[in-house]
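All chains are identified by letter, namely A, B, C, D, E and F, in their written order; residue positions are counted from 1 within each chain.
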Amino acid sequence: MSATDAATTRQDRFAHGLEILTQVDGEGGQKVVDSLADISPELGHQVVAWAFGEIYDRPALPPRDRQLVTLGMLTALGGCEPQLEVHINAALNVGLTPEEIVEALLHAAVYCGMPKALNATFVAKKVFAERDLLPVRNQ
Amino acid sequence: MSATDAATTRQDRFAHGLEILTQVDGEGGQKVVDSLADISPELGHQVVAWAFGEIYDRPALPPRDRQLVTLGMLTALGGCEPQLEVHINAALNVGLTPEEIVEALLHAAVYCGMPKALNATFVAKKVFAERDLLPVRNQ
Amino acid sequence: MSATDAATTRQDRFAHGLEILTQVDGEGGQKVVDSLADISPELGHQVVAWAFGEIYDRPALPPRDRQLVTLGMLTALGGCEPQLEVHINAALNVGLTPEEIVEALLHAAVYCGMPKALNATFVAKKVFAERDLLPVRNQ
Amino acid sequence: MSATDAATTRQDRFAHGLEILTQVDGEGGQKVVDSLADISPELGHQVVAWAFGEIYDRPALPPRDRQLVTLGMLTALGGCEPQLEVHINAALNVGLTPEEIVEALLHAAVYCGMPKALNATFVAKKVFAERDLLPVRNQ
Amino acid sequence: MSATDAATTRQDRFAHGLEILTQVDGEGGQKVVDSLADISPELGHQVVAWAFGEIYDRPALPPRDRQLVTLGMLTALGGCEPQLEVHINAALNVGLTPEEIVEALLHAAVYCGMPKALNATFVAKKVFAERDLLPVRNQ
Amino acid sequence: MSATDAATTRQDRFAHGLEILTQVDGEGGQKVVDSLADISPELGHQVVAWAFGEIYDRPALPPRDRQLVTLGMLTALGGCEPQLEVHINAALNVGLTPEEIVEALLHAAVYCGMPKALNATFVAKKVFAERDLLPVRNQ
């Protein structure tokens, strides 16, 4: 856990984050990090070592809950379709069902309005199609 | 009108909304609803039955005025190019001229800044090209 | 459930939504509706009858999950401190612990940046102080 | 009109903009400009000479229409309550009725979500109270 | 300088802005203006005559500093990838190095969150690839 | 520098970040961290150890440049007035003049629109008043 006081190197922290990243995002997260290698390896390092190694790693909120919060944030921010694609995959990986994901995005219509709910839902459609999860019947 | 107290079924409300949607958005709205059928039919239902059947239907603001407000919102939100495309078509359908639409998006530069005004204007260019409405001369 | 086809009146739908609203938001939601009475009773009606009666009511996502999504969205949107106050109370009402709420807002730092995470966390501090829930020790 | 090619000085353009600003915003706009005098007189100049003198001045969209677009944008942006206060006053000044303003903000719920629609509606409540226009009955 | 009181025509102001635009954005800015010719020539005029001729022209902040502020804003706004592309080119034109640009976008992760920092960084990757500036090693 | 591979403890990283924070933000940053102690000490830790200790610490962009980017981001995000207050103070601390800060916020009008430029400028007015730096004459 991130709160322990063992001395770690930068490489230790990266390695630890990579474990969490792989559990949550599968290959989607790794692809993002790889694509940063020639432009901003430090951003790749921070996504892994900090976002996953320090924040995702904390036990106070289980992975399924973190993805619910994340889906809400990415839908609300707008313009984050690439990240939504990664995290809708992540949501499935950590145990959210297609029905629950679609319902979370419907719920977003109340707080973010119809356009952002629609944009996020169409990303889910793309992800679910790739994983052969269509049709979803959310009634 | 939405304020009446007649008992209606969910299907009644959908059918009523579909009438309004068709008047305002033409086939653009219907396409959005169709594309939701296998991923979130409930979101499609709410766009039709609630957004159009309950809100658009209200007589306190005529359709042309609603589209002016809508163009302002979609431009300001950012990342809503697909919805802008539907609603620039809708704006033409309810009587706004190309010159007025372009002027509304120019006006947006004051409040939203140049990038969002430009993004919205290029969506208008696409829609107007498809409807053979170019060039617009807004001087 | 919202998908049934019983005929309902506008008043029926309001009454149904009010039940859900009261369960989730307690008096916070009712106060918002009351404060709309002289300016936009229709907005008050739609918050109750639509947002709560139609969306919150759906069983596909339990109340605790909906508040996780909602906390994520309100944090990401920015400028929604009054709504965060209502919904941090709601989050407590539906079973999220102070530690989980604080962790969700820490998680937001990854996706929304430090300023929005801080703004939301200070709203939580205000709500927790009122409910005598400080200090929270999130390690 | 801004498209004419008469040579003008910076002062000419300010004086021209001030006329338009006064027509639209009344004293609200002037107060904003005055409050910029000791911190950013150039920003005050540009609000007057550019936003009002060059953009608002254009005849392609009448003042009432411009305020509908503006209300939509300010509601969608979020965090612009001071500007909403000025422009809800402006909206009344150029002929929008309280009912129409409230309806535009209800319409915003569809595109921006409930929190931003609520925030804007409560600004309208403040302005209407100051101008003795409450209650508004939007059914 | 914009504060002088020489009388100028609209064409004078456009010509002056075009000089600044060309210095800062090179052909990227001109392409944007050209693409507006048949849809909103007035928006093109205002980008040139106002944004560049009046604001960029001011000596109180040198071009390199303006691009640092601009990169920050475009990253934070979200959905402004086309403008980021123009302004990452502009940043290189006015003397920011690839390493500095990448570092500014890494810095954005703190304030805007990882998704927006990633989106902006991938635009930089595209621009740098076109200008044969990859790999960047930002450690 | 963050890229070295010395093993460090969590406390080491906090102590290192606190040095940078104090150089940049002075007491403003410390106050934010203190106010988190009873609600989210981990968020306080991450602001210090990560944002300052890992990101601000990097030599690839000097402190004055980082504040230019930061002012741009906070203005664009909207609703971040408390953070703008801290960072306008920080901007002065690291060598930006009042004239340069005001000019950066004027520049923001081009990209973020007038409302966000105005909101940020009024925060600067508050900070400058407290530090006895008014009037600023930005012509």
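In this text, contacts are C-beta pairs under 8 Å (C-beta built on N, C-alpha and C of every residue); 3 or more make two chains touch, one makes a residue touch a chain.
Going by UniProt, the chains are A, B, C, D, E, F = 4-carboxymuconolactone decarboxylase.
Note that the coordinates shown come from a computational prediction; the quantities given were computed from them, not determined experimentally.
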| item | value |
| --- | --- |
| Contact-richer chain pair (by C-beta pairs counted) among A-F and B-E | B-E |
| Farthest chain (mean CA position) relative to chain B | F |
| Distance from the mean Cα position of chain D to that of chain B, given in whole angstrom | 23 |
| Rounded Å distance, chain B centre to chain F centre (Cα mean) | 40 |
| Approximate Å spacing (C-alpha centroids) for the pair chain A, chain E | 31 |
| Where chain B touches two or more other chains at once, by residue number | 3, 42, 46, 51, 55, 58, 73-74, 77-79, 83, 102, 106, 109-116, 138-139 |
| Contacting residues of chain F [partner chain C, same complex] | 32, 35-43, 46-47, 51, 73-74, 77-80, 82-83 |
| Footprint of chain C on chain E - complex, ascending | 109-116 |
| Residue ranges of chain A touching chain F (in the complex, touch as defined) | 2-12, 42, 46, 50, 54-55, 58 |
| Complex contact set, residues of chain C against chain A | 3, 51, 55-56, 58, 60-61, 65-66, 68-77, 83, 99-100, 102-104, 106-112, 138-139 |
| Residue ranges of chain C in contact with chain F within the complex | 78-79, 102, 105-106, 109, 113-119, 121-122, 124-125, 128, 134-139 |
